[in-house]
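Two complexes are shown next, each including chain A; its partner changes from chain B in the first to chain C in the second.
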Partner chain A sequence: MIGFETVASPVGLVIGLICGIVPLAAGIHYRRLRAGIGGFLACTLSGFACGFLGGLPMIALTYAVVLSYAYVNREDPFTSRAALSEVTFEVTRAEQFQRTMANLGKSLRASWKALVRNKAGFLGFLGLAFFAALTIFGPSLIEYEGQAHIERREPGARALVAAPSVEHPLGLDWKGRDVLSHMVHGGQRLIITSVEAGVIATLIAVTLGSAAGLLGGVVDQILSTIANFILTIPAFPLLLVLAAVVDFDSDFMLAVLFAVLNWPTLMRAVRAQVLSLRERDYVEAAVALDLGLWHIISREVFPNMVSYIAINLIFTVRIAMYSIVGLVFLGLVPLREPDWAVMIFTGRQQGVLFLPQAAGMLLSPIVAIALFQLSLVLFSRSLEEIFNPRLRSGL
Partner chain B sequence: MSAITTQPAQPQPQVDVQTPNVLDFLRRLWRNYYVKVFIQGLITIWAVTTFTFFMIRQMPGSPVEAKIDELMTRQAMTYEEAYRATATLFNFDPDRPLHLQYFDFLSGLVRGDLGDSITKGGVSVTSIILRYLPWTLFCVGMALVISFSLGIVMGLAMGYWRGSWFDNLITTISSIISGIPDYIMALLIILIFGVQLQWFRIGDVRGGVDPNITPGFTFEYIASVFKYALLPMLIYVLSSIGTWTLSMKSSTISTLGEDYITVAKARGLSQRRILTDYVGRNAMLPLVTRLAISVGFVVGGSVIIEEMFQYPGLGRNLYIAISGRDYTTMQGIFLVITAAVVFSNILADLAIGWLDPRVRLGKQEES
Partner chain C sequence: MTPIVELRGVHREFIKDRERVPVLQDINLEIEPDEVICLVGESGCGKTTTGKIIAGLLNPSSGEMLVDGRSLASRSGKEEKLLRRQLQIVHQDPFASLNPAHTIGDILSFPLRRHRMVKGSGGLQRRIWELLTMVDLTPPGDIVNKYPHQLSGGQRQRVSIARALTVQPRLIVADEAVSMVDVSIRISLLKMLQNLRRELGLTIVFITHDLALAKYFAWEGRIAVMYLGRIVEIGRTPDVIANPAHPYTRALLAAVPEADPELTRHKQAMRLRSDDIPKLTALPPGCAFHPRCPFYVPGTCDVNVPALTDAPGFAQEVACIPVQQGQAAQQIVEDDVDLNPVPAHGLD
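The block that comes next holds the complex of A and B.
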């Protein structure tokens, strides 16, 4: 929460540049200059955007990709030119590390290919990337206008709202402030709160769903009863009531509240899937081989559910954004500017909804929310291919 | 049971014979699938109602304070005046202990009495619900029927001729409109067609019916009702039709892979017969369940859409009750919504058993 609310900063750029040295050096070392430069750029960007939180994971990812181009698996008889007698099966730590990284890089490249191949999904990805860039890099380019500008009133005009002009590409709002600045500054909190809500709901659902499916018995019965109970409660009306009960000093509380009301659907699906996976032959084989609970969960059960969970995560993020904007629209949570939803709310409350020149002020947040939701839907289409190794054909 | 209690003079052995019979009867009743589901539903409704009862009373600000606030701002009263006006208006005592309020509510509920609205003096909650429920049922229910039937037909056609231009076009449109939230769509329609293009006057479509027309079973009145419901209905249809279409399409595609379709084709049946009797009926099964479940959500309507169009439905009244802290009205509307959800779930369960003999037989073996 704290790390992700940062916007692009010069310190982040320095962090990004330093982080970028690692894949660049790796690229030069393995003579894969293009991959190296690509990694350098990716690291710089993500470091610029999120500081250490973006830069450090990006080092690992880009390094893995660079390595996967150069790595030759000596254990693989098809790529190895060595005679069978020369092949050694003793693995050093470094080799083990390299192989893991190369495998990671390989699957990253495969996922990227799957993403690019699916046109609708890639379009959604581009949309999400646009919104990420808008909310992360935009604020450092465009200054936020919080004060009213009465002097901008057109002579003879009854309201301050104005249609788009060269000076203000999206027009002025009801206080004469630049709409573009509100668009740029107002999306981040809404998006982050929605994503937080989705992630928390998914975490609860997956944890409780696997617990119910794996443990069974009383635990299963209790959890299923609670889930059914929450499913019966009309979720959005109850959210309206709870929004008044809970004091929203932080958006995080709103996200938690949403998550508490919205985990049961996914939880029941995860439980059903765990129950059916438990009966599969390969899981039974793994149990028979005594591979350990952790191995079974992480290697046999989880990969089969990850695409489903990811799609549901995106779905939950959508519902969360729907609910949060709805709450703001009805004026039931404290309003804090800048925020896309607050723009719609004040637009309607100030009665500018019916002024033709207010289109810029109202349409901008509406279209932004619609496009963001649309990008999420499109992006979720390609997730199936990204996460399912059977669907993404090998390199 | 009453036979035993009213005749205490009965000799001892007869009671012994009778009691197991009653218990046996109850046990057999419980084993009956439908009775069991029905009782479970009632328990769920009770639990949800209790939960919402206490949740609602945790909301900051009581109806009294909300009304005082409103009077002070709207009619420029002083606090003292507003307080006195409110105290005479309300028959609600905020100092009464919570558990006593709860028992009052429960005893009223058993008698079918939901109490009086707190903010609207002398109006019973039941009358509020009965007055506004038809509007929501009409508007949302109609939209549900339209979007379901259109979605079924289009999805069937798309699944049967998949890969055609029609399929691609509708799939794209469906995924786009199903991705946009309903109130965003409503705002877009108002802004583009109402404000910019001026196809309709926005003031004309607010409310449920033209206030100048006297209510009655006349053509004019009914036409006005339809006219005012048109825009909300359009938005409900647009926001739900994409999901119906896409699910019907995928259901159709999976049905087409079944052996009995191949057999039907091999028998040389006409395409129309295959499409309606073999593919359509089977592909519809999973959607019928979901239709029955959606029926439950009809009652709640959409708070935001109804508030946006000032449509006199249950959802808008719930919003008004929440803002005014009208506990009893909120409670009543929540009860209706919950009951609708629970019973439509039961209905879905029964419908699928009735429509699909495979499920019916499986259930009988189970019990």
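The block that comes next holds the complex of A and C.
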């Protein structure tokens, strides 16, 4: 990933601090100090986490939020109760830019409000934030133990694996390594691969589903037939067989393969949505106004499917994660440590499954995966409220 | 004057369950510039389909539509698009005709920007404010940043009209544009449409199932009564209302309740031979109205399809053979049925 070299490094921190100057300056200028400081912190954090990749977009977002606060009480002709004759419309570029940013900030704040309002959804958001922090900042705080530590064996014990203790809060694994260090370092790959798989599957599904729904006719028939055909294939067993045959050098290939096998369900749902949305009166009005096909897809149909697609994206990510964990557990993809799924696999393979002191080593990845899944499900609940203006507009 | 839109022998069919449904048959209609023409008829008579053909949203299955005296197909692509854009439609359902995902300002800005109707962002805002003021949504600053669901039905319908006006149309098809709006604000909407028509020189095709509305809105224009895919009577509104020719129009007018209960009670009811409307897939031969028609002449009406022409004693055109032959004049007042009899002994 671009910018990931700076993950949680001093360079990232510097980048974040520099990025944070913009919202801070805006906050001071508009006398919205609290918003400015909040923006500064957000920029620093995201710059620290992802370097420029996180810092630069955050500048725009926090600046927009600060501006939206600044605009609340300002006498803005465009939202005033003035009549047409009392308003001058000629504005400078800078004013125009600020107005756009203020509107963006306003909808960001409305989205945030919607997110906080839904308790379950917010809990899920916190869970996801926790896992993000764990995989991004954790590695620089806790060092990874790759080597076996035979010296940690308790006198008289038959195995190295050990229950949680004070210096190893999650216990030791079968090689005597700290489980916590594996938990911290082992999540990133699994999460990124699952998200990749989910995103690719959703992209395929949305593209083909929209094409089938909008173009109809032969295109629709061909695509639907392909989708139905793939649906009849049991995806996971086929994935097992393929995993045994294909050599998965990269996680990306695994993600692609998962996506290829799992797009049809969502594609059919998207197609149905498009079929229903394209008959709406506002689409017909857009046709009469000659707004063009691209406008109809991107501005009339798509915005009304966003929440639906986002929710399905999350569910696809969930299924992808379970599939990958399953593949690893069965030992059908190349194993690379550290990895949560590999921890479960080796636990079984090394025969520590029935040792009570192995609970820390086995349960930690299982609980982490389950919690991550739970967070995804909970978070998906508030997506509808975030994307639907009807539910969002409390501002 | 060249008609702005002319339908010539327009037929339109839909395929439903592999069955051909003839929704429109042989529609001939000339719409003059600056006129108000009202299409009236019951649901399923093809008035909305006619409106959509006029607005360019549907193509006729056969027959042709001329704009400014020439068919659209004979023009260059750019010219065709420009002409089509000048024919706009306002939908019936104000809750479905605005995209819930966009603010009112956005909804109005899309066509303005796409067709470069304005200059710069200041010009865009000014135009949006002008449009909102034109449709009486004031102060505009209150409306521009709202989403459709934050507005009432009447306000949304005004936004729909403003959206149609963005591209500076010459003709607007108002498809039942006020029928889903609360009765109390219908009149103000209609008045606004009338004012817009006068100020902008718009031609309005007003589609409604409500004869009373048609009478009110199109008093200076014409009314075309449709029945099962054909125009059965067309003429100046005062002529049609005061002296209806076609038995179907007479039945419709007789069914309009008057505000005066005394008048309603003594209104002449038009007794039809049947209340069932034939299916479009199984249209009766000859005149489609003959199974219900009180003037039915066996051997004529169920064989020949009547043409829409002049009839003796009427200023308007009518498609009814007995009326055209002057046979049906006396038969109407056959029996004066008391629609709403008051019991002589009161209510027990």
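Here, the second predicted complex is superposed on the first by the 372 of 395 C-alpha atoms of A that agree within 3 Å, B and C clash if a C-alpha of one lies under 4 Å from a C-alpha of the other, contacts with A are read in each partner's own complex, and residues count from 1 in each chain.
Going forward, a contact is a pair of C-beta atoms (placed from the backbone, for glycine too) under 8 Å apart; a residue touches a chain by one contact, two chains touch by 3 or more.
Given the structure is predicted, the values throughout are model-derived calculations rather than measurements.
A.B. asks: Go through the superposed model and pick first if A:R117 touches only chain B, second if only chain C, both, or neither.
C.D. replies: neither
A.B. asks: For A:G292, decide between first (touching chain B), second (touching chain C), both and neither.
C.D. replies: A:G292 sits against chain C, while chain B stays out of touch.
A.B. asks: Give one of first, second, both or neither to describe whether A:L378 is in contact with chain B, with chain C, with both, or with none.
C.D. replies: After superposition on chain A, A:L378 lies in contact with chain B alone.
A.B. asks: In the superposed arrangement, does A:Q96 touch chain B (first), chain C (second), both or neither?
C.D. replies: second
A.B. asks: Looking at the overlay, does A:R280 come into contact with chain B only (first), chain C only (second), both, or neither?
C.D. replies: second
A.B. asks: Contacts for A:E300 in the overlay, against chain B (first) and chain C (second): which applies, first, second, both or neither?
C.D. replies: A:E300: touches chain C, not chain B.
A.B. asks: Could you please specify the touching residues of chain A with respect to chain C in the complex?
C.D. replies: The touching residues are 77-84, 87, 89-91, 96, 103, 280-282, 284-292, 295, 299-300, 303-304, 388-390, 393.
A.B. asks: For chain A, which residues are in contact with chain B within the complex?
C.D. replies: My answer: residues 120, 228-229, 232-234, 236-238, 240-242, 244-245, 247, 318, 321-322, 325-326, 329-330, 332, 344, 353-356, 359, 362-363, 366-367, 369-370, 373-374, 376-378, 381.
A.B. asks: Considering only the defined contacts, which chain C positions touch chain A in the complex?
C.D. replies: Against chain A, the touching part of chain C is residues 55-57, 81, 84-85, 87-89, 91-93, 96-102, 110-111, 114-115, 121-123, 125-126, 129-130, 133, 138-142, 144-145, 147, 149-150, 160, 163-164, 166-167.
A.B. asks: Along chain B, where are the residues that touch chain A in the complex?
C.D. replies: It is residues 44, 47-48, 51-52, 55-56, 58-61, 175-176, 178-181, 183-185, 187-188, 190-191, 194-196, 202, 297, 300, 303-304, 307, 318-319, 322-323, 330, 333-334, 337-338, 341-342, 345 of chain B that touch chain A.
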